[in-house]
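In the two complexes below, chain A is the common chain; its partner is chain B in one and chain C in the other.
Now for the complex of A and B:
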């Protein structure tokens, strides 16, 4: 198992039309691992926008999660639209060139690395096959014989390196790929490159340009989060948050949580509904809020059934 | 007792029910008689109709009117006269017994507990539920026992169970007879009422101390809408006129109660809920309070004894009149509800197989002097819109 890569903190949280998004898979796994936030994967495939079960990047954070990350100093908010427009427009020509060159250089290094790896693999593969043929199992014939040891079996950078099916074509002389003549590809990176924004330096919450709005449920969210609960949005379950005792992939949730104001009136009808809601799915319905002194208190309601 | 009870014999026992169709034939506590038929070629039949219309053989309203007592302490109207209780419950399912779940049946249960009536005589809804739950519990116990037995047998066949420990449990018989042998140990569970009855002490008949409680909306409907109820204030023992009744109920619908002489907003809780109550009652539904399912009202097709409630009603004020256009506190405070609230209500309702109906009551602008306007005119200013809401699942709602 590889050790997880830990992204540099603070990482950017992108604000796009009032939702807080994370695009980087390493940041997402880091947030889940160390900050106990699972968020919501929201990306669909452009071809199948109706599918809503297996979603991918980006990950949308609840407003409370974004606020807590900012408060901890683990992340900072980037207003994506604004920064994108202004960041690109305000870039100096020199910087732009430098960036492009850097990117070119990076790409080239990547391709070289790739070609090197492929060749290494090829060497191992051919050697292995040579041993097999020595055993007389493979009657592959003359064609490959000549090509043995030759690492250039008509492959491009992104072609499948397995050549067993393309054997007849293998004899045609194709120049060996090198970094120089390999076709340069520019795959769109999954991670947006922070060329147009930088983390605020020195990091200070008070000078943070953007802060998510504090919601009514935030004190309760923070209170439960500090006690080790994973909280996920509970809209489809009829509450504000679902509280899981650990990672939601491993545990069922224990509480159906609603954050309220301390003096907020709550209807009897809604207490009954909450009790039914929680008990119907073997959970406890929890309400809570911050009292005047800044302490958070929580209350649970369950169906009695006398 | 000796034979093995297979699962099929533990199927729920059906108790004999009274004939509800006869008992609850009238939908409202009014007696109506049809007019004589109109025969076109016989002009005299018209005279029959006119006579029957002007001088009905039996009056539609009871005389004297039913009497109820308004109690400010319980914010409800109490009916103590047994005839009135019967009329209101049997014809329209108004109110609830204060010692019962719904129909006032306390005296029957008490009499059974004291051994005045037989064990299976005139079963009440509460007792039927209790027995059904008991049977269900027994059934589950029995099922668990059979499953365990099957497992034990399987283990014994595979030789994984200690044979000695198995011997004295199973005896000599095969699997089926062993279950028969063991079934003897499971005596039927004695219910507390039957245990008490077995003491067989002679008792005098029970005095009925239960009364029928009407909600304020029900009382107002019976009094204003049907005109069969006359209200007396229990504290002052004075009759309450219809005009005062509305003010009194509007004052008592909020907590703490407000002075009936104060001026009321057009969206006070009583007006909103009464408008909805009257609306559905006049469309023929039996409307009962729905707090146990987290809605405002439950709508029964004919009545709770016939079928389960089909709909749950949520009352929501709507401020679309131009008068409220700038009223931020109303529009945001009462009109806007969080999404998760709606989802929770909808989930709870679909758990009990009911459909949520959102009922929007259009709140009219306040009147300068609402003392002048009559009750009917006041109510006519409100209008009601219904929106039915249900969870729709692609995979389950296909056919």
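Now for the complex of A and C:
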């Protein structure tokens, strides 16, 4: 169990190909807990990659979410393509060698761990079998007990049985695990390493800081967000946002939200269609916008009947 | 509000089919269930609450869900030395050069050049790294992180939207390849006028198929097909010896004729985003990427934030770059109208959370004069017979 720690603010929000992405699970959990933003996980989850229900890193922030985080001073936008290009160019040879060595060291430790585990298992297995052959009905029970007890004991039994056993095929067919033939793992970290990736700190950026574009729905987004709602993209329901009363992990959404301009004309059939849609999916259809004074007002439409 | 209404038939019967689990954020606690037992049973929906009620129980459950999500996100992407594949990202080519190809993915992914070097497209590179099946190195000599591979390769995929559609279908098991029209090349040299008739150009009067030879003979001998007069009744006074001669006069509204046979595909006029980006095949065991069968689906990708539905001329251009499905002609009338002679999918996504597919089909309602009543056995003749039967029955 790893409890999420709180990252330092402002944290970088990475801009790649006009999408706002987060890669750090800690930051993602923090944004969810503290800033009430869920974003959208967009990547393949490596544990079970062939499905579309549970997704993994990276997390894409809605443009409104990115803008609000920037406005709050909780995050700042970093052009990640640029940062990687520069970082790789300026990477020091010394750092690189050290990084690669550490990586190899990590892999070697993984291999050792693997060998140890295999031997442990093998000890248990062979001991169990030896008991089965020589002993009686209660052999299996003893074997597992002994194996769980001590690794060293298991290994001695393993050696003895391999010598005395009348069936050498069992031991010779599978070569003993060594560092040479053991399974080595090649991990890919989620976050870039600081030796080739140093995002500029916000107080060090000399040019004008990057800022996500303000969208038409932003005032309403901000208004609802400040009142404790979680908002997520709403294309599935034919609207701009879905408004959840709490974390979408736990709660159903209440509103189907469309942010409009204050003087924008709304077609009657949109009102009817929206009202029917909202009621049909057990939600309320909401429209709203910022009036001239900067105040946001919202209206809900429900499909009723006499 | 939480209770399913009794009178709602959809709720009672079709709920299982209707439920798309990816519709809503799923509880990550179920992920562990999936992971450990290896069962294929997916979590049921409706496990959520209506609103926060301030109870400790609810807080605890939510915290567990968040914790499960956090841990799922920390899951390591890795592969063992048995399946180890490494590649080097070549920024100049915008592709990754594979050192040794290994594993089932390469049945459908990657393309070898003349020297025998296997290259991965940017989306293929990100997808494999993201799954933990590929170790991709920069030319500078360090292995990429997930963040790094996005930073380096996402632009080459044509943006997150396109990559998202690619990976969505990949995760669902489909086989994908880039269509030749993936990039908006500078092939606009050909004048728009030069290409054949678009959708609008193919609108013709309804009855144009020549009737059978005997009928033609009969017609030429006994009937003179005169053009309808510019004024007066559509069926002017005169002698009509067949129903056809009357019906054909009645069909005065021009109809659209989609092509039934292969035509020259013109990709020039279709513009991004309404341009075929991917060819998609259903999963199949004997797929050969060097010699693929005709694609099952053709997909264009558009962002719902920035684009509306395609206009008629955009659609027309899009269909011009799609091959004609010759099988459509042999289908029943209803299927023909449903499937169309040329079809493609347009995927719309709004900030990638929701990838939606809309099918556009090139359909002609004119499928031969239905008053002949030959095709379906449901033509006017049958209806006429039915009416007569009814009348006699009533007497």
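Heads up, the rule we're going with is that the second predicted complex is superposed on the first by the 177 of 306 C-alpha atoms of A that agree within 3 Å, B and C clash if a C-alpha of one lies under 4 Å from a C-alpha of the other, contacts with A are read in each partner's own complex, and residues count from 1 in each chain.
Operating definition for what follows: a contact is a pair of C-beta atoms (placed from the backbone, for glycine too) under 8 Å apart; a residue touches a chain by one contact, two chains touch by 3 or more.
Every value quoted in this text rests on a predicted model; they were computed, and no experiment measured them.
Once chain A of one complex is fitted onto chain A of the other, the partner contacts of A:51 are limited to chain C, with no touch recorded for chain B. Of the two partner chains, chain B is the only one that A:269 touches; chain C does not reach it.
Judged by the touch definition given at the top, the superposed model places A:99 against chain C, while chain B stays out of reach. Residue contacts after overlaying the shared chain place A:63 against chain C, while chain B stays out of touching range. When both complexes are overlaid on chain A, the residue A:235 reaches chain B and chain C alike.
Looking at the superposed arrangement, the partner reaching more residues of chain A, out of chain B and chain C, is C. Shared interface residues of chain A (contacting chain B in one complex, chain C in the other): 234-236.
On chain A, the positions that touch chain C within their shared complex are 1-2, 4, 14, 16-19, 21, 23, 25, 28-29, 32-33, 38, 40-54, 56-58, 60, 62-63, 80-81, 83-84, 88-89, 91, 96, 99-100, 103, 183-193, 195-197, 232-236, 245-252, 254, 282. Note for the complex: chain B touches chain A at residues 291-296, 339-341, 343-348, 351. In the complex of the two chains, the chain A residues touching chain B come out as 234-240, 258, 268-270, 272-274, 276-277, 280. The touching residues of chain C, when paired with chain A in their complex, are 1, 21-28, 31, 34-35, 42, 48-52, 58, 61-62, 65-67, 69-82, 84, 86, 127, 129-132, 135, 138, 140-148, 150-152, 154-155, 157, 159-160, 164, 167-168, 171-173, 304, 348-354, 356.
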